Amino acid sequence: MSKPKFAMYWAAACGGCEIAVLQIKEKILEVGENFDIVFWPVATDFKYKDVEALADGEILLTLFNGAVRNSENEYMAHLLRQKSQVLVAFGACAAQGGIPGLANVSNAAEIKELVYIDNPSVLNPDRVFPQERFEVPEGELDLPHLYDTVRALDQVEDVDYYIPGCPPEGPQIWAVLETIIGVLKNGGDLPPKGTVLGAGTKSCCDECSRVKEEKKITGFKKPWEVPWDPEKCLLEQGIICMGPVTRDGCGGRCTSVGMPCRGCYGPPPGVTDQGAKMLSTLAAIIDADSPEKIAEIAATVPDPLGTFYRFGLAKSMLRRAKV
Amino acid sequence: MSANEFEPRIIGFLCRWCSYNGADLAGTSRMKYPPNLIPIKTNCSGRVEATHVMKAFADGADGVLISGCHPGDCHYINGNWRTAGRYPMLKKLLEQLNIEPGRLRLEWVSAAEGDKWARVVTEFVEEIRELGPLDWKDEVHAEYTDHDAGELKEAVTA
Amino acid sequence: MKKVSIDPITRLEGHGKIEIFVDDNGEVANVYFQIPELRGFERFCVGRPVEELARITPRICGVCPEAHHMAAAKAIDACYGAEPTRTGKMLREILYNAFSAADHTTHFFVLAAPDFVVGPMADPAERNILGLIAKVGPEAGGKVIQMRAWSHELIEIIGGRSVHPVSTVPGGVSKPLSKEEAERVKEIADYQVEFAQFAIEVFNQVVLGNSEYVDLIMSDMYAHKTYYMGMVDENNKVNFYDGDIRVVDPDGKEFVKFAPEDYLQHLTERVEPYSYLVYPYLTGVGWKGFVDGKDSGVYRAAPLARLNAADGMSTPLAQAEYERYFETLGGKPVHATLATHWARLVELLYAAERTQELANDPDVTSPDVHSMPTGITGEGVGVVEAPRGTLYHHYKTDENGIVTACNLIVGTTNNNAAISMSLKKAAQGLIQPGGEISEGLLNEVEMAFRAYDPCFGCATHTLFGEMPLEVAVREQSTGEVLNTVKRFV
Amino acid sequence: MAESKNGEPRIGVFICDCGTNIAGKVDVPAVVEFAGSLPHVAVAQEYKYMCSDPGQELIQKAIKEEKLDRIVVAACSPTMHEPTFRKAVQAAGLNQFLFQMANIREHDSWVTEDPVEATEKAKRIIDAAVYRVVYQQPLEAIEVPVNSDVLVVGGGIAGIEASLKLADAGHKVHLVERDPSIGGHMAQFDKTFPTLDCSACILTPKMSAAGKHPNIELHTYSEVVEVDGYVGNFKVKVNKKARYVDMDKCTGCGLCTEQCVVAKVPNEFNEGLDKRRAAYIPFPQAVPLRATIDPEKCLQLTRGKCKQTCVEACGPGAIDFEQKDEQTDLEVGAIIIATGFDLFEGERIERYGYGRLTDVISSLEFERISNASGPTGGEILCKSGEKPRSVAILHCVGSRDENYNEYCSRVCCMYSLKFAHLIKEHLPETEVYQCYIDMRCFGKGYEEFYKRLMNEGVVFVRGRAAEVTAASAKQADEEGRLVVTVEDTLLGVVRHIPVDMVVLSAALEAQPDAKQVAQLFGFGCSSAGFYIERHPKLEPVSTVTDGIFIAGCCQGPKDIPDTVAQAGAAAAGALALVDNRTVKIEPTISYIDPEKCSGCHICVGLCPHNAIVYNAELDAAEVIQAACKGCGVCVAACGSSVPVQYGFTDDQIFAEIEGALAEVSAPERS
């Protein structure tokens, strides 16, 4: 009897998710033993038609990382959904849009103008832009269509599970694969659809090693503006930390080195819009003796969009900036 | 309302103690103001989250009004101080999202200020009329062509 | 005219595509290397507080996030007018060299070595790290895994996370190194040096020991006479973290040496309508198309280039290996693309030695890990040597330190033009009229490309076996497939 | 849309015509038709007066026959009839919180000009309510036990009155007064308007009754420093300042006060018009009648060196310089705040010369001068000791004045008239001028009193006094006199009135520490510092904090009858609470699931009512149900949205937004 088929695909992503999978070290070989890897662009042939050739649902498990940024990504999202029994949004980009989702402050035209014309190192007097179809002397070349709006996987296709994180932490990934391998071998039930796997159900504060006390801040600080203190909660020191609005699972690594959480594990259960939630939370802990002063302090928040929506703009309620 | 003039859709979040009663007073005093704002009652303006404001815009509101007790008069002592903190952050965020900050407004309206309520709503409706429709539903869904695999295959694997 | 697609072969920002056009006589008419994706970091970095770019730009590439983290950190230092403290700089450099060593290791053992150890034309099923282990003994695999694991442990100790580290701040890093951590760092550094020597030993045995391979490396099919770029210290020795940019011409003579902040005077990028990735060239020479030679502004970066562009290595063992490298390959500069693999090992040794050197400095545990910004200068350029080439980050900010402009020249981009040329040359050399397009042949085409290590991604595959590729030779007009070669796990 | 517990929700929408109030503007049949078309709506009906018995029966009938499990009533404001309909729904066997009210009267038919627009708006409002009600859940009121004791803060007439009422009803009362004696301002008054009965004569009996009452424990010279807990279960810490006199030994004989060597202490009770000793009894009728040693003035206590004549003088040896402050913890079920007022300081209005010109005096000073037990033994005299030939009484000093207080102090007109009368009574020859803006004589017998004064020859000048100056020397006959400059708006001339004495009828202001007190007890206070009642008309003595009531001038300026009436009302309010063993609490409060809470502490510091505590064992925050007022601040602030506010969940608010924005038959945009 042939092994169940496994696929991993990256869309608009950095590759960190693949590296993260490597972090499971020798266990990767166990994946090899238990699955028949039919499709892993970094591991196997990328030709679409090999996937097209598969029967619907022939792939048992597909880990899809990266956001949906262009027509090629979207096509693959639909195709892999069709061919997979279990489609997992793997990593922050697939789950939330991730950092590529920040491109939703702009649109394709604006980005091209900047990258191919305005950038100081670019010399492009004839205003040459990459074309989706282009005739070279020898024939025709094509490029995928770049969308204006970056989307998370579940904004394009039906998703079974989510594994958040930028990237997901090695042990977490293994825990998930182990569960699935276990179910394959010994039977049993997979978690209910829509479950966030490889992460906790509380906020990052729960695993952050720092001591939490009542939070009343009188202004916003940068990490280097406060003396090094391994114990004190960063938020209490005025450093904007997304911990309270971020799902646990990473182990609180960033705060352990004195750097604030930026929310890569996405919102905890019950939070619909991570960035908006952070705004409500942060504003609430500003302490002053009058609402006017509170408003003054609140107005000094440096970059609400880029901080609160660092990884979640595409999945936010508004999804993108107006252009 | 004439069929082709833009009629703003506005959501108003009113605290139960001051603003909602202020709006009631405008009613009992038979003051007249435009019908574009639909009130939503919360116990305290401090309960109103950025998420609620975003939700309103995402679902098609052209403007959002948050109204609570005057500072010091809050029936939860300082619940509205939280609102006061959220407001400037929200404005800044909207600006970054390229949405006119004027589409969001915060007002302190007491239970005794029926006239202020009527004035605020009238002004706000006019301001939003000036700004024109936001049509966020269309904005975000503009590109949502929901291609099926077939259509895209053409685009990708020529 | 027929079109052969090799798709994908890499991922930089997304995926890569090679299009080979074969004319009616079956000869290669042209080869195009395409990058089909664009994410627009330059746009959405605008509006962010500049210090956050050290945590945003690493997401350009999860393979070498450390490089982006450091280039950003240096640009941010400049924007904040914050000169790193001695310890702050040391910790950054330790992290960075340890990363470089780990990255080079993975590339050599998992990607490059199998071609040589078991042979480019060998059975794909054996041509992988397992096959390599079979050849050089089981302990090799263990060593590689330990090297990777320990190096990432070190990155995590200083950087907070092993992928996408976070710990740099203007003028240094956020967290001091504890005594215990320092001990562990030393231990790891010692192992890295030990491992680097082992790696070179393997190379001696399996490659230099085999004249066939030496010939293959030196064969013209894999050579280009281009300019070479690399970062050097005040003694013109290779340095990954800090220094000036030195460019030598195809004869190995210094063409220009410039400070990172002057990069705009020396580099220009051009746009081709068939790729989302731009093509940099030397402004001083100019663009003459996809050709090599003194008159073409095409230059190369990464290990081969760095060794050519420098006068030596600053650490003893690496210096010795550097000398042996040029003696063996017939003096400077070395144009052979495949020699990059050896160059990479020389750098691996240097990186390990450098890590060890810094790890043993008593100041490494000083609490003085960052300085204080002296005021926002409004502009900063940060350059480091990423494993895949010189990495440029250039930011401008307003008076509040909010980014108003951001320009990035990413490691592999430097080699964009050269990669296209190498692929064309290899394809033309290998694909003969009427000749069967064999799997091994594809691998040899791929080797030309792989030497540049445009991305780590390609490497991971060999854990499971050969990277399956399919080349379809088809009637372009109809797209009808005339001949396909496939290979699978 | 979510499903109610038992499958698909079945919603009934009942739309009230409210006679013509709604139906006169809104096309109700059209709205009924629209409502009927909404998801899950099983019944949509119109009725003339939904709040009437037949209207309520209509709803109840439909609930039973149509098996409705969600009810929306579109009618007036919920503040009007929500309780009515909730009862009706509950009576029909449906939980009262499965009901939502759509306000299409105050928020629509009454404020919208155009009928078509009003109809559209009604649809949207109902749409929002229908979407919302689907997400509503049955809730049960929470019951907590009640402590039967009551705390009364402030020993003025309001506090005394409330204490007596409660004590007579058999409840233990703790009466806390900051001064050494109870009595408050009223004890300083001479006569009371309009009846002119002597203030002392009516107050003193109440004071001693309070002092003797077995159910009343006096905590004089004491202040509340901590308040914790919640309705029915308050925990209060009272700080009793060291009196340096043993209350049990002291007999109030007053010998120490005669022997004390420090003689030049301004006497507060007489507004500093005369002096007292460092050892003193505030006034003869003080309750408790005990001496107090002024720690700021006593040589022994300030310099640690004194002949201690007081100690010698004291037979029972009650004086004890070693005495320290004492803190007492009290547990009470209800609290009445009656902290009174503070008089506007005349100095603040430069041009009236108070503090600069002798014989420009405050109203309270006049009260003392005219009082038989006052510094002048009841003779109305200038500082010089001469009888004033003419007196001007300036109204609205610091009130009805945007520079100071916009509000009207309500009592000044009347006590000014009282002063005029007293002057005429003592010195019939003396001219009395009243410089007023309007005469406000609204109370029982007040207008009559005003008329009477006009017949007593008091001169009424309609106009706010511009300034008071010392007469220039050349106006010989005016030497040493004061001149009041005022525009007589009736005659339209500016008058310069020479007088010997000017009385400033100063405003009643909130106590200087009113805001801190409000914070301490957890209710709101206006920008002027007066405490805010829960409802200005229907709950004038309750605060937003259940179990805490207010009475007297701390709520706003008022006269004695109103104060006493309010004290009674507050007592009754407290009684209605502490007479029960338990109290029911609104269930629209927050709940924190310890399983979900990360223990980040954000909400803990935030709760305006200190209803959230951190449970270290569970590493989670906990809501003290009975203390929670349901503001929802914690819900909005929690980064993980762990707190749930029953009745105001995100689901419910989101649904309401969706409904309000859902396309009704609104004209399409071009």
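Going by the order they are written in, the chains are A, B, C and D; count residues from 1 in each one.
The working rule: a residue touches a chain if its C-beta (ideal position, glycine included) is under 8 Å from a C-beta of that chain, and two chains touch if they have at least 3 such contacts.
All of these numbers come straight from a predicted model, not from anything done at the bench.
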**Target chain D, source chain C, minimum contact steps** = 2
**Prompt:** Between chain B and chain D, what's the gap in Å when you average each chain's C-alpha atoms?
**Reply:** 34
**Message:** Rounded to a whole Å, what is the gap between the Cα centroids of chain B and chain C?
**Reply:** 51
**Request:** Mind checking the centre-to-centre distance between chain A and chain B? Centres are C-alpha means, answer in whole Å.
**Result:** 30
**Message:** Could you work out how far the Cα centre of chain A sits from that of chain C, in whole Å?
**Reply:** 25
**Asked** What residues in chain A touch two or more of the other chains?
**Response** 72, 105, 140, 144, 272, 277, 280, 284, 303, 305-306
**Complete:** Touching two or more other chains in chain C are residues 47
**Request:** Pull out every residue in chain B that's touching 2 or more other chains.
**Result:** 46, 49, 51, 55, 78, 82, 96
**Fill in**
One finds touching chains in the pairs A-B, A-C, A-D, B-D
**Request:** Mind listing the chain B positions that touch chain A in their complex?
**Result:** 46, 49-51, 53-55, 57-58, 71, 78, 80-82, 84-90, 92-93, 96-99, 134, 136, 139-140, 142-143, 147-149, 152-153, 155-158
**Fill in**
Given the complex, residues on chain D that touch chain A span 596-602, 604-606, 619, 633, 636-642, 650, 654
**Complete:** As the complex stands, chain A meets chain D at residues 201-206, 212-216, 233, 243-246, 248, 268-272, 277-278, 280-281, 284-285
**Message:** Quick check on the complex: what are the chain C residues that touch chain A?
**Reply:** 1, 3, 7-8, 11, 14-15, 19, 21, 23, 29-30, 32, 34, 36-40, 42-44, 47-49, 51-52, 55-56, 58-63, 65, 145, 148-149, 152, 156, 159-164, 166-167, 169-171, 174-176, 263-264, 267-276, 278, 280, 367, 369-370, 372-373, 392, 394, 400, 402, 405, 407, 409, 455-458, 460-461, 463-464, 467-470, 476, 486, 488-489
**Asked** Touching chain B in the complex: which residues of chain A?
**Response** 48-49, 71-72, 74-75, 78-79, 82, 105, 132-133, 140, 142, 144-145, 147-149, 272-273, 275-277, 279-280, 282-284, 286, 290-292, 294-295, 297-299, 301, 303-306, 308, 316-323
